[in-house]
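The structures come next, written out as structure tokens.
Two complexes come next, and they have one chain in common, chain A, joined by chain B in the first and chain C in the second.
Here is the complex of A and B:
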């Protein structure tokens, strides 16, 4: 609502004095790409162990049905079949998965294999482990299940109505959670507004469609009583309670390993169910068990984003000032709460968007439906929320006859108010948003396009221009879960790193993250090289995560755009401490006052006497082997471990808290032309401005911007799940779930601003998700094109059918939505 | 729930058509892609059928049941298929009328599909369901006309 109080700013402010700025910001070739572009990465399916066995699933054809009988006898008797389990077999071996939801939703019973009832199409009903995947699949076909189909609930608002079919009878309602948020005097602003603009929007269902689907190899070592799980989970340590409960094993006996991961986009968080099943089977058979999900299984049953429907009202002054928002939202979380309802709080990171909106009320519901369980797909919860705000901004502009760029400029938070505190307690760290908007408009030739749009419209062409300012809030404060379940013992947002100078003077780095293509080996090496002032080529970052050697916390992992703000901060801290230790050793060895020791270009020297210097590798050799030369009492070795802890706090009694560490921002300007015959929009021009604080590696930042635009354009124009009224997913293959190819993605102009974050030691901000700005910008442009014809889009997906309906409606002299 | 209809004129007496349709061995032999047939009794048989629809290929198990018989004019049957990650339920009614050239066979079928196949939607599925059911009666006609 105004500049954050000084005591908060000083609490968050980070020291960055160890930076040399010699290696940060350079477009260094990503270390991992050399193996990846040659097809030499190690993914889960590349892991081959002796005596490997293979798992396959029988999945439910129904979205909602009672399981009357399962006959596995024929499958069990097939040669090569080692194990056939149904829900009842799993129920005997484990407790139900822990539920993070408040009561009564907490009563939902969730097992990785369906027990008594199936609740979404594609839910695993039985599993087979066999000598080969072929045998396993053939055996799956020999399992007979008698189902009694039940009426399905596929509409979130209908799910809340009395008499709706219940997804979980033991819960007694389809409501997962309800939270009523109110920040600021909303009623006052609505009473004193010149006008109120209201609309209803739907954020549709899609997924991340990573190249590599979910996969796991579980290998139980009977002698050591250790379970090793090779997986591609994005945050394996976040699921320790689930794994430990599922396998009834203590954490030190659970070894979880990730190597290269072929994309995640949030879809690879809730694959812990497969990790548990493979591990239980491995423990039973005393043999390794591999599961590699097929593409159809992935699209149908792995992880979708939660759909969101919001009614949004804005209290507005005639001059375009937006005073307050009132919202009522319903999230459709699907059949099980395996990650959700986190989305009903995460949006509050960007509660009032980019604007000086003074007050906000949100009456928020999350519900179960008979659809695939949902998780945090790229832009999780914030993208749909910013979508709602950006759509209502466009509607307000149209109502007031203002240009969409002008109304945004009028309401944007200004640089003089940074760090800015939102009505919900969020602290936007830094940036100059109005300047970003100005530069993006200029780079896109926005006003030129507006003029051309007029001319082309007169020629009968349907042209639209969209402009959106968005935020990519990053590095989440997990205490946000307390907003719907105050009892959950899960807060903060930390990450660990170990930096070791080995006796040869090279540097080994171990991270707590499990990257899926974000280039952590590169950016971590750049930070270490920068702090220690050694060569980037001398830094070796361990690939992937291994709970038996990596430094981790329960927040560890790669999600929520957290590596740049939190992971790299841990790397910085570990490297800075190592540098201090090197300086102490050098002071003694060089007989130089500690304050005069300078570490530079791979050597330590005494500032007052440059002749006195020593290469770091000589110090390293002494530190490990020639230890009698070390200062008396000094601990040998050059290990440095750090865990970075942002100064997050729990939400107060009014649910106010800062829920993310950094806030990148971006401005996208899109021009579309709609083909009047097919209704298909074509992107004529795409410009994106990105400010993600200090850029660690511009190649990686640009790659993330390109990826976010590709994903967003596809969500807006191509990717959408269609369920019929019985809960059948109508497009579970790449034939009809339209993941984009390079042909669908427009050329894009990417420009940068660089406002370092004061809240991270490197100044870098997270920017891996893009905040959904591309979705919002494309929809904004399409609606801008259709607006003169009286058409408005109620959804985050504009397919040609909808557009044609609007065009035909206009031709008949009436508008349709 | 799509509904399909069709008619065939069979140059055989109505009783002969009736006898054919109520003999599981005979009508079962007309199921397209039949791999195996196991007759339970005069009103029930189980069959394994090879299907190939686009990318989906595999074996579907079909349970066939006669639910209503009004000799020699009306027979209602239920075919419950499962396989390739899907369930298909076909409820069909056949009416036999005396006609100039022999017997007129009119059929109506309601088809409910769940699972992976349902995802194929109207693009393929309607055609395939129609073809499967109409092939059974075309085959009936052919065998009786010989």
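Here is the complex of A and C:
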């Protein structure tokens, strides 16, 4: 609402005095890429253990059905089949998965294999473990199930109506949670507005579809009584409670490992169900069990995003000032709450978007339907929320006869108000957003395109220009879950790191994260090199996560764009502490006052007498081996462990809190042309401006921007799940779920601003999810193209069929789709 | 369901291998699980993603769409065969230099398709490059740096030949 109070700013402010700025910002060749361009990554399916066995699933063809009988006898008797389990076998071996939902949704009973009833198409009903994957899949086909189909509920708003089929009878309703948010005097602003603009929008269902599907190898070592689970989960520590409860094993006996992960995009957060099943089977057989999901299984039944439908009203002044928003939203979370309804609070990180909106009210519902369970797909919850805001901004602009760029410029938070506190208590850390918008418009030749658009329209061509702003809010404060379930004991947002100088003077780094291509080995090495001023090549970062060696907290993992703001801050702290210890040792060894020791270029020297210097590797050798040379009483070794903790707080009684540490900013400008024959939009020009604070490695930042744009363009134009009214998913393969190729994704121009965050020691902000800005921008451009024909888009997906309907409807008069 | 095994020979990355395989075994499973070329990745089950692309008798093929028995007597190159004497192939070098990958899962397939393209067309246009990797899905990079890397490698390879 205004600049954040000084005491809050000083609470969040971080010291960055250990930076040398010698290694940050350089386009160093990523460390990970060397093994990956040679095909030498270690993905889960590459792990081969002696006596390995293979797991496969029989899945439900129905979206909602009672399981009357399962006959596994033929499958069990097949040579090479080691184990066949149904829901009843699992029920005997584990308690149901813990539920993070408030009552009564908490009463839902969730097992990784269906018990008594199936609730979405593709839900696992039985599992086989066999000597080979081929045999396991053969055996799956020999299992007979009698189902009694039940009426399905596939529409979220209908799910709330009385008499709707119940997904979970024991809950008694399809409602997962309902929260009413009210920040600021919404009623006042609506009473005093010049006009109220209202619209309803739907954010559609899609997925991240990483190229590597979910996979797990579980290996129970009977002698040590240790369960090792090699997996591609994005946040193993977040699910350790589930695993520990499911397997009835304490954390020190449960080793969860990730190595290279072939993309995640949020989909790999809820694959813990496979991890539990493989681990239970490995314990039973005392042999390693491997599972590699097929693509069809992945697209049909692994993880979708939650659909969101919002009715949005905006209280507006004639001059284009947007005063307040009132919303009613329904999230369709699918059949189980395995990650959701987290999305019903995460949006609040960017509650009022990038604008000085004074007040906001949101009546918010999350519901069960007979569809695939949902999770946090790239841009999670903030993207659909910003979609609602950016779409209503376009509608307001059109109503007032303003240019979409102009209305945004009018309402953007200004640089003089940073750090800015939103009505919901969010603290936007830094940036010059109006300047960013100006630069993006210039780089895209926005006003030139507006002129050309006029000319081309006169020639009958259908051209649209979209300009939207967005935020990649990053590094979440998990206390946001308390906004829908105050009892949850999960708050803050932390990460750990270990930086060790080994006796040879090299540096070993261990992280708590589990990256899927984000270059953590590279950027962590750059931060360590920068702080210690040693060579990037001398830094060795452990690949992936290992609960037996990584420094972790229960927030550890790679999601919510958290590595740059939180993970790298832990790396910075650990490196800075190591530097202090090196300086102490050097002071004694060089007989130099501690304050005069300078650590530079791999050596320590005394500022007053440059003759007195010592290479760091000599100090390292002394620290571990020649210990009698150390200062008396000083602890030997050069280990430095740090856990970074942002000063997050719990939401107050009005649910006000800062829910993310950093807020990257982006502006996308898109020009599209629509083919009048096919209705297909073609992107003529794509420009993106990104300000994600200090750039650690431009190669990696640009790569993330490209990827987020590609996902957004795909979601807006190609990727959409279609369920029929019985809950059948009509497009569960790459044949009809249209992941775009190099021919569909346009070339793109990426430009930067670099406003360091005052709230992280490196100045870097989280980025890479893109906040859905690309979806908004493409839809905005398509609607701009159709506007003279009277067409409006009500969804985040504009397929040619919808567009053709508008084009045809134009002849008959105004249409709304 | 076990069927009679067939004896086959394949030459992979310059070396002959023999194996007894079920007639239904896919070439990708032979390469990965029997012969240990795990750089050949599996990303789908419908022949769409291209992660398993290899060069077979001079042509790029999706090894999940070929049976191992069909490869009997064939010469195959996988990503593991690109390096020569510990030196990265110019395509690998360019992918690294331009960060033409993030998770690295599609990368071996992209490299194989690019290798096949440059073997037929040493100076491809951007459009030709995009067409050549159309069968290789990438979910991380938006293809921007992949296209850039293939261009850079083509330039480097043709200039080193000219020189």
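Criterion: the second predicted complex is superposed on the first by the 814 of 817 C-alpha atoms of A that agree within 3 Å, B and C clash if a C-alpha of one lies under 4 Å from a C-alpha of the other, contacts with A are read in each partner's own complex, and residues count from 1 in each chain.
We take it that a contact is a pair of C-beta atoms (placed from the backbone, for glycine too) under 8 Å apart; a residue touches a chain by one contact, two chains touch by 3 or more.
Quantities reported herein were computed from a predicted structural model and do not represent experimental measurements.
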In the superposition, chain B vs chain C on chain A residues touched: C
Touched partner set for A:424, first chain B, second chain C, both or neither: neither
Chain B versus chain C as contact partner of A:43, first or second or both or neither: second
Partner chain(s) touched by A:135 [first = chain B, second = chain C, both, neither]: second
Which superposed partner A:351 touches (first chain B, second chain C, both, neither): neither
Contacts of A:523 with chain B and chain C, given as first, second, both or neither: neither
First, second, both or neither for A:728, with chain B first and chain C second: first
Touched partner set for A:485, first chain B, second chain C, both or neither: neither
Partner chain(s) touched by A:741 [first = chain B, second = chain C, both, neither]: second
Touched partner set for A:703, first chain B, second chain C, both or neither: second
Contact residues common to both interfaces of chain A (with chain B and with chain C): 296, 733, 735
Chain A partner contacts - residues on chain C that touch it in the complex: 1-2, 22, 24-25, 32-33, 37-46, 48-49, 51, 78-80, 82-83, 88, 92, 95-99, 101-108, 111, 126, 129-131, 133-147
Complex contacts: residues of chain A adjacent to chain B: 59-63, 121, 141, 144-145, 147, 149, 296, 300, 724, 726, 728-733, 735-736
Chain A to chain C touching residues, read off their complex: 29-30, 32-41, 43, 45-46, 48, 78-80, 134-135, 138, 208-213, 260-263, 265, 292, 294-296, 516-519, 699-700, 702-704, 706-707, 709-711, 733-735, 739, 741-743, 745, 747-748
Residues on chain B engaged by chain A in the complex (per definition of touch): 54-55, 58-59, 61, 82-83, 85-87, 113-116, 118-119, 121
